[in-house]
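Read through the structures below before going on.
Note that chain A is present in both complexes that follow, paired respectively with chain B and with chain C.
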Partner chain A sequence: MWLFALPALLINICIILVPAVLTFTAAFFIWDGVGTPMWAGLANFQNMAADPVFWSALTNNFIWTAIFLTVPVCLALVMAAALLMAPKARIVVQSIIFLPRIIAVAVTGRIFQGMIFSPATGIVAWLNEHGFSISDPLADPDRSLYAVAAVDIWHWWGFLAVVFLSAMRQISVDQIEAARLDGAGFFALFRYVLIPGIRPTLTLMLILTVIWSFQVFEFIFIVTRGGPAYGSEVLATFAYRHAFFEGDVGQAAAAACVMSLFGLCATAVYLWLQITDDAQST
Partner chain B sequence: MIGDRWSRTFALGLIGVASFSSLLPIVLAVMNALKTTVEIGSNPLALPTQLHWENFSSAWRNAQLGPSLLHSAEIAILTIVMVCVTATPCAYVLARQKGKFWRFITFYFMATITVPVQLYLYPLYFIFAKLGLVNSIPAVALIYTAMFSPFAIFLLRTYALAIPVALEEAAQVDGAKPWQTFFYVILPMMRPGLLTVAIIVGLNAWNEFVIAVTFLQNDSNVTAIVRFYNLTGQYSTDWGEMLAAAVTIVLPIVVIFVLLQRQFIDGMTSGAVKS
Partner chain C sequence: MTMTRRQLVASIPAAALAAGLPRSAYSQDGRKVVTFWFGQANSDGQAALRNDLVEAFNTSQDKYLLQLEVKGAAVNNLLKVALVAGNGPDIVQTAGPAYLTAIANAGQVLPLDDFAEKYKWKDRFLAPLLNTSVYGGKLYALPRDYESMHLFYNKELFKQNGWKLPTNRQEMEEVADAALAKGIIPFGAGNADWKGVNEWLMTVFFNNVAGPDNVRKALAGELPWTAPPFVEAVELSKAWYNKGYFGKNYFSLTIEQSFLQVVNAKAAMAFSGTWSFGTKSYGMSKPDTVMDVMPTPTLGSAFSGSLVHLACGATLSIAKTSQNAEGAAAVFEFMLTRKFYETMNRDWPGKWALPVKDLPPDMLQGIGYPLFEKTIANLHEAFSKGQYGFTTWTFWPGATNSYLIEGIEQVWLNKITADAYLTRMQTLFAQEAKDGKVPPLPPRTA
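Let's look at the complex of A and B:
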């Protein structure tokens, strides 16, 4: 029987586990990826700690986590409750808000650059012509991170709303009816019935948000490459730049380790939840 | 019907605003894909006065979309086949076997779902470079198989758990070997799950960026996404053509999404919704 699991396990170990272990090792070496690695002890970590870009990248990861734990989650919760009250619109609207999630990140990034943020061809240009003076947020080191976050929120929040809606639809109708007969309005219903009713799903999504926020790479790399002036740099773009543009794989590996360390705490909680859930279902 | 009139009005207003903002960038992209660059510059929000379909033909020609779309399709199909072939038997075993060892394997696959690409990307790239596997389409499909199969395993496992054990026992009593039981009893019952897995894995492989941009560097073997990324930048000049290329790359996905919405939504939200 165990032969059945072997191919999947083997591929996973070769592609993910072995290189992941090598990353931990490489963090303690000076290595350009091609030549012979040289033992470096903690030098990679010390260099990183002395690099202000590393600290701003780490801060940006925390800002990103804070944004994604609040903005898309709130939007999605309210939207899911609204869709619960509008059964006729539900199916069509659910597909519409889900749509951004299936469009390739590279395409979404470029569409936002050209059609929304561009001071020549975007909504920003149109607003400038109509008396609102707005500069391109992607060109501003202080605002670029938030501009990219806005793109990712557009891509993400509808999916989250659909997840919350599926969870809310599992709440028994009797419970909702009973609350309504007791005179609960929208916000009371939301606060005392819907949110507690989907708590397990909500908790899981919040944990996954923390895990993903420390891994965020694609949107930032595509839209700003961590710039301008490292304004939107995060740990993942920091690591990628060191590995492939500066030939310093040891430094990249050290950054990847720090990244994983933050994700690891959230991952531990995630695994614990999944395992206890799994033990109940099997 | 839930909620009083006031909250229903609020809900409908919210639904309207939300749908509008989800669709706006997509509509802008499609609309401007049919305009000249001069028209886009003068007013991105205006409807096209004349439909410039030639943006699509020149994007197709200049961006060499044809071959790169073919590469994307090759990678997607290869990945779907490899994930289905390796994940289905694995999911079946994980659904049936109990005990410490199998619990550990289950735990291991769960852990790899949350591992960041960055944790294995760098050594993997330099190992593949040494083995001459950079710029190889099957090599990229192999990496995708490792990345996407844990998701497939857990989705298929829920299907396997729903199959009554009595069916297998009956087959065994009739003298069927384990692989025969798997092929003739289990596999047919997992078919709906396999369709969902194929759709989600295909979508992920088609859209994937980090691995594709790192491992495919020759114009002769890049995927459509990488081709599009390489050709465009923040300061692109020919937005009409660029948007036409974007629409061409996204269109197949959107068509499949419209046709198979349930599989898309169920597949992508599976594991996220807890009861």
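Let's look at the complex of A and C:
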């Protein structure tokens, strides 16, 4: 059996384990990325803890997680349930809502930045010309994180809806019909049949959302680069800035460790839930 | 010949190993290959690189073959990784002395002193620029160009409104207020696509408010960044931002959009660099009937008149692992030829203005770009005489410079005070100075 697992194991060791161990090790060194690393003990973690930008970045990661655990999940669940009830519209609507997912992140980011939010060339500019006083949310440090989150939600929720729909389609039709015969309306069906029916998928997606939320980087880097005034800075942009602009790889590695810590916690919760489920089903 | 599955599997690691080996140092015609990674280049720039550098060099001799790859904006990151892996190009181009410092300190590039001796580079380059690449008494790079911040302005707009060209802060603010009163943005500025615009502005504020002597002292560790002249500089930048001198959409506009505001008379002026001449999309033309340019006037009491800011936009070194250091040096020597200087500056103005003594900028006369010719001539004279300020991207060490760019947004948006900003900058600078990360300062006089 080990022989079968060997290719995958080797790839994982080379591509995931070795860089992960090196990153973890780098967190305890002062290193500019080209010179000789110097042992620093916990200094990188201490410096990071003393940096207010780290804490605001961490807070932004929590806000991002909260947003993505609720807004796109709710939208996707409702859409998936609606599509389950309306099979004729399924193909067309699924194609439309899935479309943002296949557009490159850089393109999506630039579309929102230049064609929607921009006060010079976007819809915001058009609205301003027609009497609405709207400012670019990406230019406001208190709103920029939410504006980028809106872009990512647009990109993400359709995919989530398609995943939830395919899970809902695994639910027994008899169960749904029985609920209907018992007089269950859309929301009762949703609450008591569909959601419990897709619980494993929903749990997995929520756990993955937590992991991905602590790794979020592309949209923020492309659209705001963590700004303005660190308003949309998250741990990944914090780490990137330290590694590539400040020549402080050790500090970047320390931030990466914190990101991984939250991912590990989410994974541990998922494994615990799986074990609990297995125990209950046996 | 057919291959068994086992042979195929066995060939994969071999192929991977081969891919990791250094590329052949010889071309098919037996010439030694010189590799060179370039950063960002627009279509004009790529054509100029291809024609004026690569093809011109390759046809000028038959010993070396120059191979240039345009790597894009991430070239600095790619380069660091490649150098550490011992697999970088022969010619190492960095984005200036601030980037070179770490690479030179790590010994990833060769000292050029022997080549400098052979080709007499030390006598041919302007000392202030050449000295930005001297570490521990050894020369590690040649400056590829000189740059400076300048005040670009719409001369038609000034003429129509009867505005006088400002020579000090008061006159500058009078013009800015007059522009605002007419619904014209005083300074076209935007950092939506490049946060480095913040440091362009702060280079002007630090030098033109606090004065170049104070900036030099601070960079030498003789004056803290928390000193009153720098507080005044930061406070002035904040006051101008809050007055709307940079428009309402600083964080939303791209560099191109903001510069076009000036060309299209929606803004009066712009603080921008000499690289603007080589960017067609900025909307300037040659000869230009709308735009004009001047060195930035004083914005404080530290000095009178105007000031240019010493900047080296890129450095050229030879990788420690280069198999063809002689060839790389031959490319550098080719860049010093009169023909290369003329064609490159004609085709891509401002990008490759080599700061050399024996190729004076009067050679540019006749390329049909009077503003560029005038600006380079002024720069050459100012740098030769030692009259200049210091750009942040050339003289500030990495972490301090990164904070200068990011932190100033917090000041402008009232998240922190000017004092807090400068205190943090001083802390970072002191640490980097202690670690030997501050790029070398040029001598006081040329």
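Assume the second predicted complex is superposed on the first by the 256 of 282 C-alpha atoms of A that agree within 3 Å, B and C clash if a C-alpha of one lies under 4 Å from a C-alpha of the other, contacts with A are read in each partner's own complex, and residues count from 1 in each chain.
Criterion: a contact is a pair of C-beta atoms (placed from the backbone, for glycine too) under 8 Å apart; a residue touches a chain by one contact, two chains touch by 3 or more.
If you're wondering where the values come from, they're calculated on a predicted model, not measured in any experiment.
Undergrad: Give one word, clash or fit, describing how chain B and chain C relate on chain A after superposing.
TA: With chain A aligned, chain B runs into chain C, so clash.
Undergrad: Who contacts more of chain A, chain B or chain C?
TA: Ranking chain B and chain C by residues of chain A touched puts B first.
Undergrad: Based on the superposed arrangement, let me know which partner A:Pro119 touches: chain B (first), chain C (second), both, or neither?
TA: Touch partner of A:Pro119: chain C, not chain B.
Undergrad: Output check: A:Pro141 vs chain B and chain C. Expected answer is one of first, second, both, neither. What do you get?
TA: second
Undergrad: Looking at A:Thr36 after the superposition, I want to know if it touches chain B, chain C, both of them or none. Which is it: first, second, both, neither?
TA: After superposing on A, A:Thr36 lies in contact with chain C but is clear of chain B.
Undergrad: Does the superposition put A:Glu246 against chain B (first), chain C (second), both, or neither?
TA: Touch status of A:Glu246: second partner only.
Undergrad: According to the stated criteria, A:Cys74 is in contact with first (chain B), second (chain C), both, or neither; which is it?
TA: In the superposed model, A:Cys74 contacts neither chain B nor chain C.
Undergrad: For A:Ala229, select first, second, both or neither according to whether it touches chain B, chain C, the two together, or no partner.
TA: Second partner only.
Undergrad: Go through chain A and flag every residue that touches chain B in one model and chain C in the other.
TA: Correct list for chain A: 33-34, 113, 118, 120-121, 138, 244.
Undergrad: List the residues on chain B that touch chain A in their complex, please.
TA: Going through chain B, the ones touching chain A are 1-4, 6-8, 10-12, 14-15, 18-19, 21-23, 25-26, 28-29, 32, 40-41, 43-45, 82, 85-87, 89-90, 92-97, 105-112, 114-127, 129, 142-143, 145-147, 149-150, 153, 161, 178, 182, 203, 206-207, 209-210, 214, 225-226, 228-229, 232, 234, 236, 239, 242-243, 246, 249-250, 253-254, 257-258, 261, 264-265, 268-269, 272-275.
Undergrad: Okay, in this complex, where on chain A does chain C touch?
TA: 32-36, 113, 117-121, 135-136, 138-139, 141, 225-230, 241, 244-248
Undergrad: Contact residues on chain C for chain A in the complex?
TA: Chain C residues touching chain A: 76-77, 80-81, 83-84, 102-103, 105-106, 108, 192, 195, 248-253, 257, 398-399, 402, 406, 409-410, 412-413, 415, 437.
Undergrad: Applying the document's contact rule, which stretches of chain A touch chain B when the two form their complex?
TA: Going through chain A, the ones touching chain B are 1-2, 4-5, 7-9, 11-12, 14-20, 22-23, 26, 33-34, 75, 78-79, 81-87, 89, 93-108, 110-116, 118, 120-123, 125-126, 138, 154, 158-159, 161-163, 166-167, 170, 176, 180, 185-186, 189, 200-201, 204-205, 208, 211, 214-215, 217-218, 221-223, 235-236, 239-240, 243-244, 249, 252-253, 255-257, 259-260, 263, 266-267, 270-271, 274-275, 277-278, 281-282.
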